[in-house]
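Order of writing sets the labels: A, B, C and D. Residues in every chain begin at 1.
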Amino acid sequence: MDITGAFNAVLYFAAVIYTFAFVLYGVRAIRGPTTADIILAVDCLSFDMAAFMVILGIYFKSIMLASGAIILALWAFMLDIYYTKYVLYGEVEV
Amino acid sequence: MISEIIFITGSMAILIGAIYDLIAAIGLLRFPDFYMRTHAATVGTIGGATLPVFGAGLVALVYHPLGSQRFFMAGIAFTVGILILVIAPTGSHSIISAVYFGRIGKKPKLIVDQLEEDLPKRSDVAELVREHEELPAEEEEPKFTFRRV
Amino acid sequence: MKRDVFVAISFLMAFLLISYAITVKDVLGMAENPLRPLGGFYLRHAFAPSNLTSHSPEVVTAIVWNYRGFDTLFETFVFFLSIMGALSIFRLTEEQEKEVRSLESREPHRHMDLITRATTKLVVIMIVSISASIALHGHLTPGGGFQGGSAMAVAALLLFAAFSKFTLERKGLTLRHVITAYAFGLALILATAIAPVFLYDGRLLQINLLPGETGLLNLDVGEYIAVTFGFLMVFLVLGISEWIFKVILRGEIE
Amino acid sequence: MQELHLIILAIVVSFGFVFSYLAMKEHDLLKALALSSVQSTFFALGFYILAAPDIVLAYLAIAVGAYTALVILAISKTERYEVGE
(Lines give C-alpha, C1' and ligand atoms only; values in the text may rest on other atoms or scores of the structure.)
Protein backbone atom coordinates (compact mmCIF):
# COMPACT_ATOMS: atom_id res chain seq x y z
CA MET A 1 0.00 0.00 0.00
CA ASP A 2 1.30 3.44 -0.86
CA ILE A 3 1.19 4.95 2.59
CA THR A 4 2.34 8.44 1.60
CA GLY A 5 -0.16 8.79 -1.21
CA ALA A 6 -3.00 7.56 0.96
CA PHE A 7 -2.10 10.00 3.71
CA ASN A 8 -1.86 12.86 1.22
CA ALA A 9 -5.37 12.10 -0.02
CA VAL A 10 -6.67 12.03 3.56
CA LEU A 11 -4.89 15.29 4.32
CA TYR A 12 -6.27 16.99 1.22
CA PHE A 13 -9.83 16.09 2.18
CA ALA A 14 -9.34 17.03 5.84
CA ALA A 15 -7.61 20.32 5.03
CA VAL A 16 -10.45 21.51 2.80
CA ILE A 17 -13.08 20.68 5.42
CA TYR A 18 -11.07 22.18 8.25
CA THR A 19 -10.51 25.40 6.35
CA PHE A 20 -14.21 25.67 5.63
CA ALA A 21 -14.95 25.11 9.32
CA PHE A 22 -12.44 27.81 10.29
CA VAL A 23 -14.21 30.23 7.97
CA LEU A 24 -17.59 29.39 9.55
CA TYR A 25 -16.19 29.86 13.06
CA GLY A 26 -14.77 33.19 11.94
CA VAL A 27 -18.18 34.26 10.62
CA ARG A 28 -19.73 33.41 13.99
CA ALA A 29 -17.03 35.43 15.72
CA ILE A 30 -17.84 38.41 13.50
CA ARG A 31 -21.62 38.10 13.95
CA GLY A 32 -21.61 37.06 17.62
CA PRO A 33 -23.95 39.33 19.52
CA THR A 34 -22.23 38.99 22.88
CA THR A 35 -18.62 38.60 23.95
CA ALA A 36 -19.32 35.11 25.23
CA ASP A 37 -20.17 33.96 21.69
CA ILE A 38 -16.85 35.26 20.41
CA ILE A 39 -14.96 33.53 23.19
CA LEU A 40 -16.83 30.28 22.50
CA ALA A 41 -15.80 30.59 18.85
CA VAL A 42 -12.18 31.21 19.89
CA ASP A 43 -12.32 28.06 22.00
CA CYS A 44 -13.49 25.86 19.14
CA LEU A 45 -11.13 27.58 16.73
CA SER A 46 -8.03 27.07 18.83
CA PHE A 47 -8.73 23.44 19.67
CA ASP A 48 -9.41 22.61 16.04
CA MET A 49 -6.32 24.51 14.98
CA ALA A 50 -4.25 22.46 17.43
CA ALA A 51 -5.59 19.27 15.85
CA PHE A 52 -4.93 20.65 12.36
CA MET A 53 -1.38 21.61 13.35
CA VAL A 54 -0.62 18.03 14.45
CA ILE A 55 -1.95 16.65 11.15
CA LEU A 56 0.03 19.21 9.14
CA GLY A 57 3.14 18.37 11.19
CA ILE A 58 2.90 14.78 10.00
CA TYR A 59 2.51 15.99 6.42
CA PHE A 60 5.52 18.33 6.64
CA LYS A 61 7.52 15.45 8.23
CA SER A 62 8.80 17.76 10.95
CA ILE A 63 8.51 17.20 14.68
CA MET A 64 9.81 20.70 15.27
CA LEU A 65 6.61 22.21 13.94
CA ALA A 66 4.20 20.16 16.00
CA SER A 67 5.24 21.47 19.42
CA GLY A 68 3.23 24.64 18.86
CA ALA A 69 0.03 22.61 19.10
CA ILE A 70 0.47 21.90 22.81
CA ILE A 71 0.84 25.59 23.55
CA LEU A 72 -2.18 26.55 21.46
CA ALA A 73 -4.34 23.95 23.19
CA LEU A 74 -3.31 25.25 26.59
CA TRP A 75 -3.79 28.95 26.07
CA ALA A 76 -7.42 28.96 25.04
CA PHE A 77 -8.26 27.81 28.56
CA MET A 78 -6.86 30.98 30.02
CA LEU A 79 -9.17 33.30 28.08
CA ASP A 80 -12.22 31.43 29.43
CA ILE A 81 -11.03 31.64 33.01
CA TYR A 82 -10.20 35.33 32.85
CA TYR A 83 -13.51 36.19 31.23
CA THR A 84 -15.44 34.26 33.89
CA LYS A 85 -13.47 35.81 36.69
CA TYR A 86 -14.06 39.31 35.31
CA VAL A 87 -17.78 38.85 34.72
CA LEU A 88 -18.65 37.07 37.95
CA TYR A 89 -16.21 38.42 40.50
CA GLY A 90 -15.21 41.86 39.25
CA GLU A 91 -11.60 41.89 40.36
CA VAL A 92 -9.45 39.49 38.39
CA GLU A 93 -6.45 38.72 40.52
CA VAL A 94 -7.61 39.06 44.10
CA MET B 1 -0.58 -6.14 8.18
CA ILE B 2 -1.07 -4.70 11.65
CA SER B 3 0.46 -1.40 10.58
CA GLU B 4 -2.03 -1.09 7.74
CA ILE B 5 -4.91 -1.69 10.11
CA ILE B 6 -3.56 1.00 12.44
CA PHE B 7 -3.10 3.39 9.51
CA ILE B 8 -6.62 2.83 8.22
CA THR B 9 -8.07 3.30 11.71
CA GLY B 10 -6.17 6.56 12.15
CA SER B 11 -7.20 7.86 8.74
CA MET B 12 -10.83 7.04 9.43
CA ALA B 13 -10.58 8.92 12.73
CA ILE B 14 -9.16 11.96 10.96
CA LEU B 15 -11.86 11.93 8.29
CA ILE B 16 -14.71 11.43 10.77
CA GLY B 17 -13.25 14.16 12.95
CA ALA B 18 -13.15 16.58 10.03
CA ILE B 19 -16.81 15.88 9.29
CA TYR B 20 -17.69 16.36 12.96
CA ASP B 21 -15.90 19.67 12.83
CA LEU B 22 -17.90 20.86 9.84
CA ILE B 23 -21.16 19.84 11.55
CA ALA B 24 -20.12 21.71 14.68
CA ALA B 25 -19.24 24.81 12.68
CA ILE B 26 -22.61 24.82 10.92
CA GLY B 27 -24.33 24.34 14.25
CA LEU B 28 -22.39 27.14 15.88
CA LEU B 29 -23.41 29.41 13.03
CA ARG B 30 -27.08 28.47 12.82
CA PHE B 31 -28.29 27.84 16.37
CA PRO B 32 -30.39 30.69 17.78
CA ASP B 33 -29.14 31.24 21.33
CA PHE B 34 -26.02 30.83 23.39
CA TYR B 35 -26.88 27.64 25.27
CA MET B 36 -27.61 25.75 22.06
CA ARG B 37 -24.37 27.06 20.58
CA THR B 38 -22.46 25.56 23.48
CA HIS B 39 -24.01 22.24 22.54
CA ALA B 40 -22.51 22.59 19.06
CA ALA B 41 -19.20 23.74 20.54
CA THR B 42 -18.83 20.57 22.60
CA VAL B 43 -19.29 18.54 19.43
CA GLY B 44 -16.59 20.65 17.83
CA THR B 45 -14.05 20.24 20.61
CA ILE B 46 -14.42 16.58 21.50
CA GLY B 47 -15.48 15.13 18.16
CA GLY B 48 -13.64 17.62 16.01
CA ALA B 49 -10.37 17.99 17.88
CA THR B 50 -9.75 15.05 20.20
CA LEU B 51 -10.74 12.32 17.74
CA PRO B 52 -8.54 13.50 14.82
CA VAL B 53 -5.62 14.13 17.17
CA PHE B 54 -5.75 10.56 18.43
CA GLY B 55 -6.12 9.41 14.83
CA ALA B 56 -3.06 11.47 13.85
CA GLY B 57 -1.13 9.83 16.67
CA LEU B 58 -2.04 6.40 15.35
CA VAL B 59 -1.05 7.41 11.83
CA ALA B 60 2.25 8.84 13.06
CA LEU B 61 3.09 5.53 14.76
CA VAL B 62 3.22 3.71 11.42
CA TYR B 63 4.10 6.55 9.02
CA HIS B 64 7.50 5.42 7.72
CA PRO B 65 8.69 8.65 6.03
CA LEU B 66 9.03 10.23 9.49
CA GLY B 67 11.82 7.80 10.37
CA SER B 68 12.65 7.33 14.03
CA GLN B 69 11.00 10.65 14.89
CA ARG B 70 7.58 9.09 14.60
CA PHE B 71 7.33 8.04 18.24
CA PHE B 72 8.07 11.61 19.31
CA MET B 73 5.33 12.79 16.96
CA ALA B 74 2.86 10.24 18.32
CA GLY B 75 3.74 11.34 21.85
CA ILE B 76 2.98 14.96 20.99
CA ALA B 77 -0.32 13.94 19.40
CA PHE B 78 -1.49 11.89 22.37
CA THR B 79 -0.41 14.64 24.78
CA VAL B 80 -2.45 17.21 22.85
CA GLY B 81 -5.43 14.85 22.80
CA ILE B 82 -5.39 14.27 26.54
CA LEU B 83 -4.92 17.99 27.18
CA ILE B 84 -7.92 18.91 25.04
CA LEU B 85 -9.94 16.17 26.70
CA VAL B 86 -9.21 17.71 30.12
CA ILE B 87 -9.33 21.39 29.21
CA ALA B 88 -12.27 21.78 26.83
CA PRO B 89 -15.09 20.70 29.21
CA THR B 90 -13.70 22.89 31.97
CA GLY B 91 -13.55 25.88 29.67
CA SER B 92 -17.12 25.32 28.49
CA HIS B 93 -18.29 24.92 32.08
CA SER B 94 -16.67 28.15 33.23
CA ILE B 95 -17.90 30.23 30.31
CA ILE B 96 -21.47 28.91 30.62
CA SER B 97 -21.46 29.70 34.34
CA ALA B 98 -20.29 33.22 33.47
CA VAL B 99 -23.13 33.66 30.98
CA TYR B 100 -25.78 32.18 33.27
CA PHE B 101 -24.91 33.92 36.53
CA GLY B 102 -23.82 37.12 34.87
CA ARG B 103 -27.08 37.27 32.86
CA ILE B 104 -25.40 38.05 29.56
CA GLY B 105 -27.49 38.07 26.43
CA LYS B 106 -31.08 36.97 26.31
CA LYS B 107 -32.21 33.78 27.91
CA PRO B 108 -34.33 31.23 26.04
CA LYS B 109 -37.90 30.67 27.21
CA LEU B 110 -37.86 27.89 29.77
CA ILE B 111 -40.83 26.20 31.41
CA VAL B 112 -39.05 25.68 34.69
CA ASP B 113 -35.60 26.91 35.67
CA GLN B 114 -34.67 25.21 38.88
CA LEU B 115 -31.16 26.64 39.01
CA GLU B 116 -32.57 30.13 39.16
CA GLU B 117 -35.01 29.25 41.90
CA ASP B 118 -32.25 27.84 44.03
CA LEU B 119 -29.58 30.43 43.58
CA PRO B 120 -29.53 34.05 44.76
CA LYS B 121 -28.92 37.15 42.64
CA ARG B 122 -25.83 37.94 40.63
CA SER B 123 -24.22 40.13 43.26
CA ASP B 124 -24.29 37.29 45.76
CA VAL B 125 -22.61 34.70 43.58
CA ALA B 126 -19.13 35.50 44.79
CA GLU B 127 -20.45 35.36 48.34
CA LEU B 128 -22.09 32.00 47.70
CA VAL B 129 -19.05 30.41 46.14
CA ARG B 130 -16.99 31.62 49.05
CA GLU B 131 -19.37 30.11 51.57
CA HIS B 132 -19.50 26.74 49.92
CA GLU B 133 -15.77 26.16 49.90
CA GLU B 134 -13.84 25.68 53.08
CA LEU B 135 -11.09 28.23 53.10
CA PRO B 136 -8.07 27.87 55.36
CA ALA B 137 -8.17 30.34 58.17
CA GLU B 138 -6.01 33.44 58.07
CA GLU B 139 -3.79 32.52 61.00
CA GLU B 140 -3.13 29.02 59.78
CA GLU B 141 0.56 28.21 59.52
CA PRO B 142 1.76 28.17 55.88
CA LYS B 143 2.66 24.72 54.74
CA PHE B 144 5.60 25.65 52.57
CA THR B 145 7.75 28.72 52.80
CA PHE B 146 11.31 29.62 52.03
CA ARG B 147 11.83 32.13 54.80
CA ARG B 148 9.68 34.51 56.74
CA VAL B 149 10.03 37.99 55.31
CA MET C 1 -20.58 52.89 8.97
CA LYS C 2 -20.72 52.67 5.20
CA ARG C 3 -17.41 54.51 4.98
CA ASP C 4 -15.86 52.00 7.40
CA VAL C 5 -16.88 49.11 5.19
CA PHE C 6 -15.37 50.81 2.14
CA VAL C 7 -12.12 51.48 3.99
CA ALA C 8 -11.93 47.89 5.25
CA ILE C 9 -12.63 46.36 1.86
CA SER C 10 -10.12 48.58 0.09
CA PHE C 11 -7.43 47.71 2.65
CA LEU C 12 -8.18 44.02 2.22
CA MET C 13 -8.06 44.25 -1.56
CA ALA C 14 -4.73 46.09 -1.47
CA PHE C 15 -3.33 43.48 0.91
CA LEU C 16 -4.48 40.56 -1.24
CA LEU C 17 -3.13 42.26 -4.39
CA ILE C 18 0.31 42.75 -2.84
CA SER C 19 0.48 39.18 -1.56
CA TYR C 20 -0.66 37.84 -4.95
CA ALA C 21 2.00 39.89 -6.71
CA ILE C 22 4.77 38.72 -4.39
CA THR C 23 3.88 35.03 -4.17
CA VAL C 24 2.46 34.11 -7.56
CA LYS C 25 3.82 36.77 -9.93
CA ASP C 26 7.18 36.91 -8.12
CA VAL C 27 7.73 40.66 -8.30
CA LEU C 28 10.60 40.78 -5.81
CA GLY C 29 12.43 37.88 -7.45
CA MET C 30 12.50 35.71 -4.38
CA ALA C 31 11.89 32.45 -6.19
CA GLU C 32 15.20 32.55 -8.08
CA ASN C 33 17.49 32.54 -5.08
CA PRO C 34 15.58 31.09 -2.12
CA LEU C 35 18.68 31.05 0.13
CA ARG C 36 20.47 34.35 0.48
CA PRO C 37 24.25 34.43 1.22
CA LEU C 38 23.80 35.47 4.88
CA GLY C 39 21.37 32.60 5.46
CA GLY C 40 23.85 30.23 3.86
CA PHE C 41 26.56 31.46 6.23
CA TYR C 42 24.35 30.86 9.27
CA LEU C 43 23.34 27.40 8.10
CA ARG C 44 26.92 26.37 7.40
CA HIS C 45 28.48 27.69 10.59
CA ALA C 46 25.82 26.99 13.21
CA PHE C 47 27.02 23.45 13.82
CA ALA C 48 30.40 23.43 12.12
CA PRO C 49 32.98 20.96 13.43
CA SER C 50 35.77 23.53 13.76
CA ASN C 51 35.77 27.18 14.85
CA LEU C 52 32.99 29.75 14.34
CA THR C 53 30.42 27.40 15.82
CA SER C 54 27.88 27.77 18.55
CA HIS C 55 27.38 24.03 19.05
CA SER C 56 23.69 24.26 18.26
CA PRO C 57 21.80 22.40 15.54
CA GLU C 58 18.96 24.85 16.12
CA VAL C 59 19.91 27.76 13.88
CA VAL C 60 17.46 30.25 15.37
CA THR C 61 18.91 29.93 18.86
CA ALA C 62 22.39 30.16 17.42
CA ILE C 63 21.52 33.37 15.59
CA VAL C 64 19.74 34.85 18.58
CA TRP C 65 22.47 34.24 21.14
CA ASN C 66 25.70 33.91 19.19
CA TYR C 67 25.61 35.91 16.01
CA ARG C 68 23.29 38.60 17.34
CA GLY C 69 24.12 38.26 21.01
CA PHE C 70 24.38 41.96 21.75
CA ASP C 71 20.94 42.53 20.31
CA THR C 72 19.41 39.95 22.64
CA LEU C 73 21.43 41.15 25.61
CA PHE C 74 20.14 44.69 25.18
CA GLU C 75 16.60 43.41 24.65
CA THR C 76 16.90 41.74 28.04
CA PHE C 77 17.92 45.04 29.55
CA VAL C 78 15.09 46.90 27.87
CA PHE C 79 12.79 44.40 29.57
CA PHE C 80 14.63 45.07 32.84
CA LEU C 81 14.14 48.82 32.44
CA SER C 82 10.41 48.47 31.79
CA ILE C 83 9.99 46.28 34.87
CA MET C 84 11.95 48.76 36.95
CA GLY C 85 9.68 51.50 35.62
CA ALA C 86 6.59 49.60 36.73
CA LEU C 87 8.08 48.93 40.14
CA SER C 88 9.08 52.56 40.65
CA ILE C 89 5.59 53.79 39.71
CA PHE C 90 3.93 51.44 42.17
CA ARG C 91 6.54 51.70 44.91
CA LEU C 92 5.42 51.89 48.54
CA THR C 93 7.26 52.79 51.69
CA GLU C 94 7.48 50.31 54.53
CA GLU C 95 4.63 51.87 56.49
CA GLN C 96 2.46 51.84 53.41
CA GLU C 97 3.29 48.20 52.83
CA LYS C 98 2.15 47.40 56.36
CA GLU C 99 -1.08 49.29 55.69
CA VAL C 100 -1.60 47.38 52.47
CA ARG C 101 -1.10 44.10 54.27
CA SER C 102 -3.58 44.99 57.00
CA LEU C 103 -6.16 46.17 54.47
CA GLU C 104 -5.70 43.07 52.32
CA SER C 105 -6.26 40.77 55.27
CA ARG C 106 -9.84 42.05 55.42
CA GLU C 107 -10.50 41.45 51.74
CA PRO C 108 -12.40 38.29 50.72
CA HIS C 109 -10.56 35.58 48.82
CA ARG C 110 -12.30 35.20 45.48
CA HIS C 111 -11.77 31.54 44.64
CA MET C 112 -13.41 30.14 41.54
CA ASP C 113 -15.51 26.98 41.72
CA LEU C 114 -14.21 23.51 42.46
CA ILE C 115 -14.09 22.15 38.90
CA THR C 116 -12.00 25.02 37.62
CA ARG C 117 -9.61 24.87 40.54
CA ALA C 118 -9.02 21.13 40.20
CA THR C 119 -8.38 21.41 36.46
CA THR C 120 -6.13 24.40 36.98
CA LYS C 121 -3.95 22.45 39.40
CA LEU C 122 -3.55 19.71 36.80
CA VAL C 123 -2.92 22.11 33.93
CA VAL C 124 -0.38 24.21 35.81
CA ILE C 125 1.80 21.15 36.40
CA MET C 126 1.66 20.40 32.68
CA ILE C 127 2.49 24.00 31.74
CA VAL C 128 5.49 24.03 34.08
CA SER C 129 6.88 20.84 32.58
CA ILE C 130 6.24 21.98 29.00
CA SER C 131 7.83 25.39 29.56
CA ALA C 132 10.84 23.75 31.19
CA SER C 133 11.20 21.44 28.20
CA ILE C 134 10.95 24.41 25.82
CA ALA C 135 13.55 26.43 27.68
CA LEU C 136 16.08 23.80 28.74
CA HIS C 137 15.98 22.03 25.38
CA GLY C 138 16.07 25.34 23.55
CA HIS C 139 19.47 24.79 21.96
CA LEU C 140 18.31 21.58 20.27
CA THR C 141 14.66 22.16 19.33
CA PRO C 142 12.65 25.31 18.63
CA GLY C 143 12.16 27.51 21.62
CA GLY C 144 14.49 29.11 24.04
CA GLY C 145 14.56 31.25 27.11
CA PHE C 146 12.00 33.85 26.16
CA GLN C 147 9.42 31.40 24.88
CA GLY C 148 9.72 29.16 27.92
CA GLY C 149 9.65 32.10 30.29
CA SER C 150 6.50 33.60 28.83
CA ALA C 151 4.83 30.17 28.94
CA MET C 152 5.74 29.89 32.62
CA ALA C 153 4.36 33.37 33.32
CA VAL C 154 1.03 32.26 31.91
CA ALA C 155 0.97 29.37 34.40
CA ALA C 156 1.32 31.85 37.23
CA LEU C 157 -1.49 33.93 35.72
CA LEU C 158 -3.79 30.90 35.69
CA LEU C 159 -3.07 30.37 39.38
CA PHE C 160 -3.78 34.03 40.08
CA ALA C 161 -7.20 33.78 38.47
CA ALA C 162 -8.37 30.40 39.73
CA PHE C 163 -7.10 30.82 43.28
CA SER C 164 -6.21 34.26 44.44
CA LYS C 165 -3.09 36.35 44.83
CA PHE C 166 -3.16 35.84 48.57
CA THR C 167 -2.96 32.06 48.25
CA LEU C 168 0.28 32.33 46.32
CA GLU C 169 1.68 34.90 48.72
CA ARG C 170 0.88 32.61 51.64
CA LYS C 171 2.80 29.83 49.91
CA GLY C 172 5.92 31.98 49.82
CA LEU C 173 5.78 33.71 46.42
CA THR C 174 6.09 37.22 47.80
CA LEU C 175 7.52 40.20 45.95
CA ARG C 176 10.82 39.99 47.77
CA HIS C 177 11.47 36.39 46.75
CA VAL C 178 10.47 37.12 43.17
CA ILE C 179 12.89 40.06 42.93
CA THR C 180 15.68 37.86 44.33
CA ALA C 181 15.04 35.18 41.70
CA TYR C 182 14.90 37.80 38.92
CA ALA C 183 18.25 39.20 40.02
CA PHE C 184 19.68 35.68 39.99
CA GLY C 185 18.58 35.19 36.38
CA LEU C 186 20.12 38.49 35.28
CA ALA C 187 23.34 37.64 37.13
CA LEU C 188 23.53 34.30 35.33
CA ILE C 189 23.20 36.03 31.94
CA LEU C 190 25.84 38.63 32.82
CA ALA C 191 28.25 36.04 34.19
CA THR C 192 27.97 33.95 31.03
CA ALA C 193 28.47 37.02 28.87
CA ILE C 194 31.58 38.17 30.73
CA ALA C 195 33.15 34.76 31.39
CA PRO C 196 35.00 34.42 28.00
CA VAL C 197 36.84 37.70 28.64
CA PHE C 198 38.39 36.59 31.90
CA LEU C 199 38.71 32.86 31.41
CA TYR C 200 39.71 32.43 27.75
CA ASP C 201 40.96 35.87 26.68
CA GLY C 202 38.15 36.22 24.20
CA ARG C 203 35.72 39.02 23.51
CA LEU C 204 32.45 39.80 25.24
CA LEU C 205 29.72 37.20 24.53
CA GLN C 206 32.11 34.94 22.59
CA ILE C 207 30.39 31.92 24.06
CA ASN C 208 31.77 29.39 21.62
CA LEU C 209 34.99 29.42 23.66
CA LEU C 210 33.16 27.85 26.59
CA PRO C 211 33.26 24.04 26.68
CA GLY C 212 30.52 22.32 24.68
CA GLU C 213 27.03 23.71 24.90
CA THR C 214 27.51 25.38 28.26
CA GLY C 215 27.27 28.89 26.93
CA LEU C 216 23.94 28.53 25.13
CA LEU C 217 22.42 26.46 27.94
CA ASN C 218 23.43 29.03 30.57
CA LEU C 219 22.06 31.92 28.57
CA ASP C 220 18.79 30.10 27.96
CA VAL C 221 18.38 29.22 31.63
CA GLY C 222 19.18 32.77 32.67
CA GLU C 223 16.68 34.24 30.22
CA TYR C 224 14.07 31.70 31.35
CA ILE C 225 14.40 32.68 35.01
CA ALA C 226 14.56 36.39 34.24
CA VAL C 227 11.48 36.47 31.98
CA THR C 228 9.41 34.23 34.29
CA PHE C 229 10.02 36.23 37.41
CA GLY C 230 9.95 39.56 35.62
CA PHE C 231 6.40 38.96 34.38
CA LEU C 232 5.43 37.56 37.77
CA MET C 233 6.72 40.67 39.51
CA VAL C 234 4.65 42.97 37.34
CA PHE C 235 1.51 40.92 37.94
CA LEU C 236 2.12 40.79 41.69
CA VAL C 237 2.43 44.56 41.81
CA LEU C 238 -0.61 45.13 39.59
CA GLY C 239 -2.68 42.69 41.63
CA ILE C 240 -3.15 45.01 44.59
CA SER C 241 -6.80 46.06 44.69
CA GLU C 242 -7.88 49.38 43.28
CA TRP C 243 -9.56 50.69 46.41
CA ILE C 244 -6.53 49.90 48.55
CA PHE C 245 -4.34 51.96 46.29
CA LYS C 246 -6.85 54.81 46.44
CA VAL C 247 -6.92 54.68 50.23
CA ILE C 248 -3.13 54.68 50.44
CA LEU C 249 -2.56 57.40 47.87
CA ARG C 250 -5.21 59.76 49.18
CA GLY C 251 -4.25 59.14 52.77
CA GLU C 252 -7.83 58.32 53.74
CA ILE C 253 -7.41 55.65 56.37
CA GLU C 254 -10.54 54.50 58.03
CA MET D 1 -0.61 20.50 -2.89
CA GLN D 2 1.45 23.67 -2.78
CA GLU D 3 -1.55 25.70 -3.90
CA LEU D 4 -3.64 24.40 -1.02
CA HIS D 5 -1.13 25.80 1.50
CA LEU D 6 -1.15 29.15 -0.21
CA ILE D 7 -4.96 29.24 -0.25
CA ILE D 8 -5.17 28.36 3.45
CA LEU D 9 -2.56 31.00 4.21
CA ALA D 10 -4.46 33.64 2.23
CA ILE D 11 -7.78 32.82 3.93
CA VAL D 12 -6.25 32.77 7.40
CA VAL D 13 -4.33 35.99 7.01
CA SER D 14 -7.28 37.87 5.49
CA PHE D 15 -9.45 36.77 8.42
CA GLY D 16 -6.77 38.00 10.81
CA PHE D 17 -6.78 41.32 8.95
CA VAL D 18 -10.57 41.64 9.18
CA PHE D 19 -10.53 40.88 12.91
CA SER D 20 -7.80 43.38 13.66
CA TYR D 21 -9.86 46.05 11.86
CA LEU D 22 -12.99 45.09 13.83
CA ALA D 23 -11.06 45.18 17.10
CA MET D 24 -9.87 48.68 16.29
CA LYS D 25 -13.37 49.98 15.59
CA GLU D 26 -15.04 48.41 18.64
CA HIS D 27 -16.07 50.61 21.59
CA ASP D 28 -16.68 47.80 24.08
CA LEU D 29 -13.14 47.02 25.18
CA LEU D 30 -13.85 43.47 26.37
CA LYS D 31 -15.35 42.62 22.99
CA ALA D 32 -12.38 44.22 21.28
CA LEU D 33 -10.12 42.00 23.35
CA ALA D 34 -12.01 38.87 22.30
CA LEU D 35 -11.82 39.94 18.64
CA SER D 36 -8.11 40.56 19.00
CA SER D 37 -7.61 37.08 20.41
CA VAL D 38 -9.39 35.63 17.35
CA GLN D 39 -6.95 37.59 15.22
CA SER D 40 -3.92 36.26 17.07
CA THR D 41 -5.18 32.68 16.78
CA PHE D 42 -5.52 33.07 13.01
CA PHE D 43 -2.07 34.63 12.73
CA ALA D 44 -0.61 31.75 14.74
CA LEU D 45 -1.80 29.32 12.07
CA GLY D 46 -0.31 31.65 9.46
CA PHE D 47 3.09 31.57 11.13
CA TYR D 48 2.78 27.81 11.42
CA ILE D 49 2.19 27.36 7.70
CA LEU D 50 5.15 29.64 7.01
CA ALA D 51 7.23 27.11 9.07
CA ALA D 52 8.34 29.37 11.93
CA PRO D 53 7.79 27.38 15.14
CA ASP D 54 9.84 29.73 17.31
CA ILE D 55 7.58 32.63 16.41
CA VAL D 56 4.49 30.48 16.98
CA LEU D 57 5.65 29.67 20.51
CA ALA D 58 6.53 33.25 21.44
CA TYR D 59 3.57 34.86 19.67
CA LEU D 60 1.01 32.54 21.22
CA ALA D 61 2.29 32.99 24.73
CA ILE D 62 2.38 36.75 24.40
CA ALA D 63 -0.65 37.52 22.24
CA VAL D 64 -3.13 34.98 23.56
CA GLY D 65 -1.77 34.64 27.10
CA ALA D 66 -0.06 37.60 28.69
CA TYR D 67 -1.63 40.34 26.57
CA THR D 68 -5.17 39.10 27.26
CA ALA D 69 -4.53 38.88 30.99
CA LEU D 70 -2.97 42.34 31.16
CA VAL D 71 -5.79 43.99 29.25
CA ILE D 72 -8.51 42.29 31.31
CA LEU D 73 -6.64 43.36 34.44
CA ALA D 74 -6.54 46.94 33.17
CA ILE D 75 -10.25 46.83 32.22
CA SER D 76 -11.21 45.53 35.65
CA LYS D 77 -9.37 48.42 37.26
CA THR D 78 -10.68 51.17 34.95
CA GLU D 79 -13.64 51.35 32.56
CA ARG D 80 -15.14 48.77 30.28
CA TYR D 81 -16.71 51.10 27.72
CA GLU D 82 -14.82 53.60 25.69
CA VAL D 83 -16.58 56.96 25.78
CA GLY D 84 -16.22 59.89 23.41
CA GLU D 85 -17.26 61.17 19.99
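As a working rule, a contact is a pair of C-beta atoms (placed from the backbone, for glycine too) under 8 Å apart; a residue touches a chain by one contact, two chains touch by 3 or more.
In this text, all values refer to a predicted model and were calculated from it rather than measured experimentally.
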Chain at maximum distance from chain C, centres defined as averaged CA atoms: B
A-D or A-B, whichever has more C-beta pairs in contact: A-B
Chain centre separation (chain A, chain B; CA means) in Å: 12
Distance between chain centroids, defined by C-alpha means - chain C, chain D (Å): 19
Rounded Å distance between chain A and chain C, as computed from the means of their C-alpha atoms: 24
Where chain B touches two or more other chains, by residue: 83, 87, 90, 94, 97, 126
Residues within chain D bordering two or more other chains: 18, 53, 57, 61, 65, 69, 73
Residues of chain C engaged with two or more neighbouring chains: 109-110, 112, 116, 123, 126, 134, 142-143, 151, 154, 157, 161, 235, 238-239, 242
Which chain pairs touch, all of them: A-B, A-C, A-D, B-C, C-D
Chain D-touching residues of chain C, taken from the complex the two chains share: 4, 8, 11-12, 15-16, 19, 23-24, 60, 134, 142-144, 146-147, 150-151, 153-154, 157, 161, 231, 235, 238-239, 242
Partner chain B, residues of chain A touching it in the complex: 1, 3-4, 6-7, 10, 13-14, 17-18, 20-22, 24-25, 27-28, 33-37, 39-41, 43-44, 47-48, 50-51, 54-55, 57-58, 61, 63, 66-67, 69-70, 73-74, 76-77, 80-81, 83-84, 87-90
Complex contact set, residues of chain C against chain A: 107, 109-110, 112, 116, 120, 123, 126-127, 130, 134, 141-143, 151, 154, 157-158, 160-162, 164-166, 235, 238-239, 241-242
In the complex with chain C, residue positions of chain B that touch it: 83, 86-87, 90, 93-94, 97, 126, 129-130, 133, 135, 138, 142-146, 149
Complex contacts: residues of chain A adjacent to chain C: 64, 67, 70-71, 74-75, 77-78, 81-82, 84-85, 89, 91-94
